[in-house]
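Dropping the structure in here first, questions after.
Chains here go by letter, A, B, C and D, matching the order in which they are written, and residues are numbered from 1 within each.
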Amino acid sequence: REVEEAFREAWVDPGFRGSLARLLAVHIGRPTPLTPVRRLSAELGINLLLKREDLAHTGSHKINNVTGQALLASRMGKTRLIAETGAGQHGVATATVAALLGLKATVFMGERDIERQALNVFRMRMLGAEVIPVGTGSRTLKDATSQAMRHWVGATEDSYYCVGSVIGPHPYPWMVRTFQRVIGDEARGQCASELSTGVPDYVVACVGGGSNAAGTFAGFVDTSARLVGVEAEGGAGAALGRAGVLHGARSLFLQDGHGQIVEAHSVAAGLDYPGVGPEHAYLRDLGRARYVTVTDDEAISALVRLARTEGIVPAIESAHAVAWVIRAAGAGELPSGATVLLTLSGRGDKDVSTLKEQL
Amino acid sequence: MTLETRLRDRRDAGRKLLMPYVTGGITPTWVDYLRAFADAGADAIEVGLPFSDPTLDGVTIQQATDAALARGATARDILGDISGLEHDVPLVASTYYNLVVHDGPERFCAALRDAGVTGLIVPDLPLDEAGDLEDAAASAGIDLVLLASPATPQPRLDEIARRSRGFIYAVSLMGTTGERSVVAESATTLASRIKRSTERPVMVGFGISTPEHAVEAARSADGVIVGAAVMRRVLDGAIPHDVGADLARMRRALDQERDRR
Amino acid sequence: REVEEAFREAWVDPGFRGSLARLLAVHIGRPTPLTPVRRLSAELGINLLLKREDLAHTGSHKINNVTGQALLASRMGKTRLIAETGAGQHGVATATVAALLGLKATVFMGERDIERQALNVFRMRMLGAEVIPVGTGSRTLKDATSQAMRHWVGATEDSYYCVGSVIGPHPYPWMVRTFQRVIGDEARGQCASELSTGVPDYVVACVGGGSNAAGTFAGFVDTSARLVGVEAEGGAGAALGRAGVLHGARSLFLQDGHGQIVEAHSVAAGLDYPGVGPEHAYLRDLGRARYVTVTDDEAISALVRLARTEGIVPAIESAHAVAWVIRAAGAGELPSGATVLLTLSGRGDKDVSTLKEQL
Amino acid sequence: MTLETRLRDRRDAGRKLLMPYVTGGITPTWVDYLRAFADAGADAIEVGLPFSDPTLDGVTIQQATDAALARGATARDILGDISGLEHDVPLVASTYYNLVVHDGPERFCAALRDAGVTGLIVPDLPLDEAGDLEDAAASAGIDLVLLASPATPQPRLDEIARRSRGFIYAVSLMGTTGERSVVAESATTLASRIKRSTERPVMVGFGISTPEHAVEAARSADGVIVGAAVMRRVLDGAIPHDVGADLARMRRALDQERDRR
């Protein structure tokens, strides 16, 4: 496939890697800090460190991947980016980098997500992107992805499909993981200087499609750290899914007894995807990573608790990872004094209207 | 007789092939559409086994799929409906790869065979992973049809032509299924390219909605597949008799074109 | 005064400076990047560089000052922060650092600003702060400041008044400028490595009370760079004000012929203050800095233009600075090829409801 | 006779001093309140020159200020109203520093003198910057009253006692003006502290709203200032006669207390 070849070439080209590194540094704000969380750690009896993707430009880790793919699209001579989005963070990131590189952007978004994430819809439009509502199926990320793919097949000439997570057909899961690996690599280096043990005991990240987790895990998969992916109870592709094929990826998906894909349900639009990327299926099968679930209520409590103890309002998606740490520390599942690296995938500003309803 | 033998025989007899599509389980009495298609002169019929996420279909077939699933249609029920049927037209099941993976290729193909289905189309099956399903289909005596598009590079096209059974499905337009006002030139070009690689029948699909389209597409191909245009009528409430009449007009146009030449 | 003494002591204490530097690095995300703006620069025929305070935690430069003052308050044994806020950014920053350090926070905010900045009000409450609406006067920043001061005078025992700009009585303007100087110092160093000339020809920042401008200018006041403060036309204390006294500061304020303070009017809540900090009055009188004004409409156009050309949605406040650069480049006032450093004081997420009305 | 001489004489005669406050220009006929206060036995009257941002006042005087400004009241008009007045009670202007800076200290003080005002209170005047205004006031024969609060350290208190003219304004509670249900102990303590530093009269203000408060505060101080309590009545629409009657009750309570001792 054209994309695969272009990516392989680009990735070994120091010019491409240099441009990407410079954009990430001067435009996106990398490296993001590693924040030792003092008050919540003391309450939980552990040593929690947050990898702060909420501080990246546009407010989430999505921008790392988009910057890479958009540079690639430019290199391929494409003039337009097509993307799907759930919580809107990938859409905002796509609109942002499209503006930066002078590309057009068309973003597909489920109607239900458009309602939930009005702030991000407005941001995308401010950035000059076209946002196309998707009214089919569950009207969330899964359907937006289908629609974006449909649209793209008819426009491959000038358009590049900028997938937002480690999902979709090869080479996307691999490529997105590669672009998100910057999270794990940075965190690995930061842990080495921050922790006496060099690596944390646990590495935790939330999993929707699973790109922030895949990028984080990639930096620690060859260490002794235990890897934990935290899914929404209503969108637990890795924890509860069965092998299947969707959007061109063979992986784990929530399915009914007939092989139909089941709609995910989560207060977190970014976790509202019924599957996970193939790499998570692989890590689960290997036993290298565990996948656990938390409820909407646990996530919201965790969000408020982190806000009140540390002055950080995380995205509801990221709050799922925090919720699991709180629960596991309380249950003794995380031993006292354990060091835990948690990737805070994004900030919570986008979730205000959802939180207003829930609190 | 295999699907391919049947289609080759007819093609070699100078007939342009016509394959209408229906979403299985779209109505309680959906098999009446099969009968009407057979009566209208279909050479084969494509039966869609609905899947929750028809990523390669356009809005019409998405709607038909949603309607069938909302009715509670399942692959098992649809195959059950078919297996009781008396008819002389080969049936080709089409569905998405997840349903195959869910049952496993062997079980899936065996169920098709037991229902009397002789062909299978899986549009999202990656060629590189097709081996298992090809084997299972072959064992069950089912022809696994592969798809080619205008963007398929020549070496891959040759491989598809070699490995496809039944016929080669030529996707006329880059994009998803649906009715379009003219048949893209790319369809003609693609069909010609494929025919240079193979003796197998080549059928053009995606975007055939009028007798004129059918005639145009059939100039370079061996036949046409009519999906969205049929399902649009079904969704609008047309009874089998009326949809059959549309198809009969297309049949006549194809036959007249042959006679004229 | 107690605060002055405490600040003098703290500022020469390496322990305090070290704690502050570490918090700014690991929690706030400093240094913020310097972003060379390519597409807009090309359109304008200049070389524009943005100092990205929008990427600091909580989304604006306000956090630099608050982190410093809250650490000071802790050191002084205070248990509560009192603050006023206009756009809400200072309030959010105060609520944030209060949560981080385990202090209580009480934030006074004009009723009109509460309407305009609902997102920030919700954020403050999520962070555990008490937000007190102020219904007197123009119901904006000026009145919130008065009310916060009134409240504080009755609670100095346990409470610290955390002023948000270079306004208020001594030592606040000096202390806030000192804490914000990190912007200018970082930018100076970044310009030195980014620009062949070492320093930019122009240094531009928006001015409400003037803290981001004061902090930026402080890094360049001893260079050849021309300093330009950009005010809202309806809140142009420095450009149009006369000498006066408000909130304990002797500076420039908008006044009527009787010496009454005139209400400011700007689409940017953070610029809706009728005066500027004393340092700006001083820089104006010296001729070291110029103060110019732009209209609401110019600011909004500039916001959209920056979003569409660079993928950055600035705060409406910061968009004023961008607007002046666009106008000045168009009018030849900025010579072709000039290097311009602009401090982007914050991000525009908070302004979505305002923008929706205006666009 | 200066304000201070007048107040000292009365104090030395054993009288507890009473200074009510009124916001200048609060009603078209606001000077009637001055007359009523004089009749009720006020020893001096504080006249507020309204300023847009009364940062050190509580909600009552903020409201009064807003009302006066909304009526279009200006310092010039208010001084004009006063200067035509026949009365025997010293008038003390109070306002914020910005109005002084706006006119310049000399012009500002001259205007006060021309209107017959003999004292001035500027609550937000920083002691460190007071020099110019002290000089201008002295030249115009106006006593510039300085304020002290419970938080003022002793050396500074001594300096205030030394530099203040007319009297020393003891702010009874940390905080802004307003009515409170009891007079804080801090008021008594503060007044005693100041009196140890100076022979000048010491008046307690902020929070005096009933005759009982006045009596209590006057035990350690030489007199009381009644602001918010008066203005609350004025804002509620009380006519000068009624507000004067309230004040007369306070006057009697203070006098009785003296006689009792």
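We adopt the following convention: contacts are C-beta pairs under 8 Å (C-beta built on N, C-alpha and C of every residue); 3 or more make two chains touch, one makes a residue touch a chain.
All values derive from a computational prediction rather than experimental measurement.
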Taking each chain's C-alpha mean as its centre, the one farthest from chain A: D
Distance from chain C to chain A - Cα centre to Cα centre, in angstrom: 32
Chain A and chain D, separation of their C-alpha mean positions in angstrom: 65
CA centroid of chain B to CA centroid of chain D, Å: 97
Residues of chain C whose C-beta touches two or more other chains: none
Chain B, residues touching no fewer than two other chains: none
Category of the chain touch graph - line, ring, star, complete, other: line
Interchain contacts (touch definition) - all pairs: A-B, A-C, C-D
Contact footprint of chain D on chain C as seen in their complex: 136-137, 142-143, 145-146, 149-150, 153-156, 169-170, 242-248, 250, 253, 255, 258-262
Chain A partner contacts - residues on chain B that touch it in the complex: 51-59, 62, 66, 69, 74-76, 96-99, 101-103, 124, 126, 129, 151, 173-176
Chain A residues touching chain C - in the complex, by the definition given at the top: 25-29, 32-36, 39, 52, 54-57, 59, 95-100, 102, 119, 122-123, 126-128, 303-304, 307-313, 348-349, 352, 355-356
